[in-house]
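In order of appearance the chains are A, B, C and D, and numbering begins at 1 in each one.
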Amino acid sequence: MSTPRPIILLDPYPRTIASLFNAQDKARLEKLGQVIWHDGSPASDAHIEQYLPDTIALLGQTSMPRERLERAPNLRLIANVESNFLPNVDYAECHRRGIHVISTGPVFAQSVAEMALGYALAAARRIPQADAAIRRGDETMYGAADNYDSFLLHGKTLGLLGCGNLGRALLPLLRPFSRDLIVHDPWLHDSVLREMQVEPVSFDALFARSKVLFVLTATTTENQGFIGAAQFAAMQPGAVFVLASRAGVVNFDAMLDAAARGHIRVATDVFPIEPIPADQRARQTPNTVLGAHRAGNVPEIWTQMGEMVTDDLELILRGLPPQRCQRATLETVSRIRSMPAQAATESKSGPAIK
Amino acid sequence: MSTPRPIILLDPYPRTIASLFNAQDKARLEKLGQVIWHDGSPASDAHIEQYLPDTIALLGQTSMPRERLERAPNLRLIANVESNFLPNVDYAECHRRGIHVISTGPVFAQSVAEMALGYALAAARRIPQADAAIRRGDETMYGAADNYDSFLLHGKTLGLLGCGNLGRALLPLLRPFSRDLIVHDPWLHDSVLREMQVEPVSFDALFARSKVLFVLTATTTENQGFIGAAQFAAMQPGAVFVLASRAGVVNFDAMLDAAARGHIRVATDVFPIEPIPADQRARQTPNTVLGAHRAGNVPEIWTQMGEMVTDDLELILRGLPPQRCQRATLETVSRIRSMPAQAATESKSGPAIK
Amino acid sequence: MSTPRPIILLDPYPRTIASLFNAQDKARLEKLGQVIWHDGSPASDAHIEQYLPDTIALLGQTSMPRERLERAPNLRLIANVESNFLPNVDYAECHRRGIHVISTGPVFAQSVAEMALGYALAAARRIPQADAAIRRGDETMYGAADNYDSFLLHGKTLGLLGCGNLGRALLPLLRPFSRDLIVHDPWLHDSVLREMQVEPVSFDALFARSKVLFVLTATTTENQGFIGAAQFAAMQPGAVFVLASRAGVVNFDAMLDAAARGHIRVATDVFPIEPIPADQRARQTPNTVLGAHRAGNVPEIWTQMGEMVTDDLELILRGLPPQRCQRATLETVSRIRSMPAQAATESKSGPAIK
Amino acid sequence: MSTPRPIILLDPYPRTIASLFNAQDKARLEKLGQVIWHDGSPASDAHIEQYLPDTIALLGQTSMPRERLERAPNLRLIANVESNFLPNVDYAECHRRGIHVISTGPVFAQSVAEMALGYALAAARRIPQADAAIRRGDETMYGAADNYDSFLLHGKTLGLLGCGNLGRALLPLLRPFSRDLIVHDPWLHDSVLREMQVEPVSFDALFARSKVLFVLTATTTENQGFIGAAQFAAMQPGAVFVLASRAGVVNFDAMLDAAARGHIRVATDVFPIEPIPADQRARQTPNTVLGAHRAGNVPEIWTQMGEMVTDDLELILRGLPPQRCQRATLETVSRIRSMPAQAATESKSGPAIK
């Protein structure tokens, strides 16, 4: 049985409709089709199946294997509102069918970029330590003594590991500090990086040269734990290491060792196990700035996700390609390491390539 | 008794020659005249007087009243290396005699600007509080709850009170975040601010409109304590107030009251009495980020002072005006409130005008 | 019969291998496969067919209908080096097969953008007219009289019709002149334009508000001749109209009428018939700056095409998507109006969307 | 006889009050004092003398030798509205008396900078020649042939001789084209140039390295004719030489020789004798773009002069230093070569230093 209007199917769990859509975007969405609002739990198979034949757009993380795609002949858009592309969609079949698969991942890039800069300044100037010292009543007055190891970002070599959405949001914030911006990203051609007015460098050079090194790459099948003791040892004494994307890419203990012995300073927003176990040693490690996975998820951007998805659906129904969300790239979507289930709520970064 | 070469007289106390001059700049200075190196204590009157007749440049905070200027007929430069112009120089007489009076104040601008942005991000995102929570073991995981009052700088109205050296260093760092930059500076013409691509606003509008408000003005004879309870009440709930220059311009208790009741968040680098008394209530005030006068005095910039002074002396001896240091402006030098003696070591900001 | 190595097939006519590839890029290309070099004429069907089974990449404008694609099971890249996507490729079938179809069109964007700004300044300041006057010996001295209708770009409203490759290259050049940048592009969502820090406006507002209006859009099936007498009449007296992409989008006579009566000034790089007929009335129309399709085709960028194609083939063979060339967008590739055969040599602009 | 209000004395000839002041600025000026409006001819000595005792501000080019300054005890401002500081003022005595001497020279900087870029693009792309060819009916179609010697500014080495008001206005316009900006300015310290993010280079290196060289320096007692055959020979073949400030700094014949033999391309806005004699050979020299002193004097900026002077007088009467106009610098004001009388109407550039 067919409905009179094309259907827009919502299955945003664990996000909620109220957090994603303001009144204006809800109204825009309803102009585009018959919206089947649902949230609070993952939609049941029966719920999904009944609407598939007339569905033109699916907003959520619903499983969409090949057989389901075959039962959705009018489908033109799958919009993941959790940021990372999950392995429960047959991306190759979507591609063949001309179904756009997009994610709202880029929406977190500005938030993470601002936090990454905040962490870098906090570490370079020891802002949390100085605050804690005054509260304890044992501050040292006047920079001469207290600032002995503080440094400016001005004119320093600032390095990025990964230059996808996060890097592209961070670079503009860094440019007023320094023109000496170096990047390693194996998924981008050197010439592309040069066009972005950064210097492409090798993995080793990135660690050796950066005064502040920002790790912005997603965990992939290729880079798990690939930053270890050798990399931290290669960093300059007093350099700052900002881990802003995923804990999976570093050997966390090696990182904390380097901070503990005062070789580098570390700021990290992520941890190998989250929520953070009580015995995570970082809690006692000096020369660190710690945050509990707070970089991406700032309230004001939740409704931007709804806005972006609605914008892109408007474009698709006008016969144009999506322009605001990130499009699944066949070549790389399979390399992004699937999130464990509990991590699905914490997604913040798009993959390390555009 | 006259020396065969023009004399360059050093009296940098409380700064030291070793902190101000690297080997290269010492060598450059010695090419420009006979350098009388002295530090460790203020030079004695006798020491100064014996060299006055042949002195072409005086680097330090030596008292130079009119009668001394008369005994220094070859003097062409007085370079304060403490940043603030002290009241122990007859500026009007220097002007009449064509003696350049300069200060190295601008050297601190980049350092303070970076710290001001660091404080703003730390307060907007609660970076020190989140770090302390993890160390205490009571962090909240995942932004949804913990970030309830976090906000992005992106697109927000960012306000500056004062747009002298500090403001000019901060504005480039803020531009990638927002184009909505508003400034109140009674010492600058509105048209000058508009040329700087900021919007000149009234004192009241600055408080009403700013999501983050940076106080960058020196204390003058006109502005002591001029930011009080009325101003804080006029700020938006949840706005951030960054006090980066001088405590003298605010009613400190009113500021802490506003933070304590959660109306605004405050980051302050300065305190009414420094060193900070043990009973300063800010130590227990929530919604604050505290620093003990650390914004300006970062080691890497000390030798920049020596470099700047040497550059300007080179220019003057080539028949050109100084270009790197701040020049004393007759109109405003007398309005900058003199520092109490103990504060002379903590100077960091130039006056609020160029 | 199969070759031992994957084949890279060249068919770049009317471009030549010598103009496209420098020695370094030729060497890079030969590392990627067995290159079948051919130019000077379109490759014959027999030539193409013999290599199809082992071809991984085709660089040129060869016809590739569905049946040929079926005979090229290893094909992964079709790279048009003429800039515009021609109708002789089955784009939908390429998409289904995961064959990347790209064009070197973006390479011309910087060249056209610089020329467009040159035309705008030439028209706003009457540079060619003033030069001609001196050569004739009847110049007016000193701006007062001669500059009566000259204007600065500084602070003016600058408008773009179309914001694809050309617009994105032009915007950075315009930003130092003015922050009042307005754009109409029906293929881009308003929110995308706002993210680019330009103001999206309606077609009518673009003409009414622009002091300088840059036409940067390709001719599509939808926009032929859509700029006519009404639009020119709606422009401000003394405004400048720069036609930098395609003559097909304007009513050329209406444009020249508006210039002839002094209502606007026009700079055009393109003409309805090219080469320009001897009796083209623009040759005698005052208030115009004329160029014979010169904006894009500057020698130094020819080898950039070879470099970009080689870069993208390197990426594809590393399992990554192309990043430097423009990718054919199914939604829009069919709307770009096919070039007549003789125009194939003059292509310079990519389509008006990204 | 004294007037009841402080007097503002106008003597703007050869400029006119109508061209300098719009209604709003006239009204602002009248709020500041009793304005003695006069123009059309230089004010007579008698006219000037009668008002001197009560005059606080003099707007114009009136002679102000020491004895007159003594008769003007209340004078606080002399504002030259012709741009160049003339030798008819005793600048040292003004300095001693704390009288601000300013000029509206900077107002022309944006206009000259835009024109300089226009000339550079016109020369690099042969815009006037291509326009003339179409009008003659002998254009070459399509870039391949016609663009054989065209080049992009993108990524090229762009050089400035002089980095005063003009250079500071031009640099922002050049930055989107290239980061390789080199400057020679003997009046600025290398460290100042580096702070401006340009590379300071020697006079010889400037000529050897620049693909486009902008001459922006005023004629001084030190630099007359200092650019000659040796400098032009040292330029790269096909480089562009833009003469945007003063003809006096070049050997004009050597410049035209270099253009005539095709070694370089030249764009010049100025000529050794102006108005340009009929037999000036530049009229027939190929590889040149010619303008008859048109770069500075665009109508919309005339009233900016009145606005700037009024702004600065407002500031002075509020006890602040002038901020918008250029202040006479004792060290350099005497080096700027006096203009011959007939040139007084053509002033456009401030001196080469700030």
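One rule holds for everything that comes next: contacts are C-beta pairs under 8 Å (C-beta built on N, C-alpha and C of every residue); 3 or more make two chains touch, one makes a residue touch a chain.
Because the structure is predicted, anything quoted here is derived from the model rather than measured.
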Exercise. Using direct touches as single steps, what is the fewest number of steps from chain A over to chain C?
Worked result: 1
Problem set entry | Remotest chain, chain C as reference, centres from CA atoms | B
For this session: Using mean C-alpha positions as chain centres, tell me how far chain B is from chain C in Å, no decimals.
Result: 51
Problem set entry | Separation of chain C from chain D, taking each centre as the mean of its C-alpha atoms, in whole Å | 37
Problem set entry | In chain A, residues with contacts to at least two other chains | none
Problem set entry | Parts of chain B lying in touch with chain D, wherever the complex brings them together | 92, 95-96, 98, 187-189, 191-192, 307-308, 311-312, 314-315, 319-321, 323-324, 329-332, 353-354
Exercise. For the complex, which residues does chain B have touching chain A?
Worked result: 110-111, 114-115, 117-119, 121-122, 124-125, 127-128, 130-135, 137, 139-144, 146-148, 150-154, 172-173, 175-177, 274-276, 278, 282-284, 289-301, 345-346
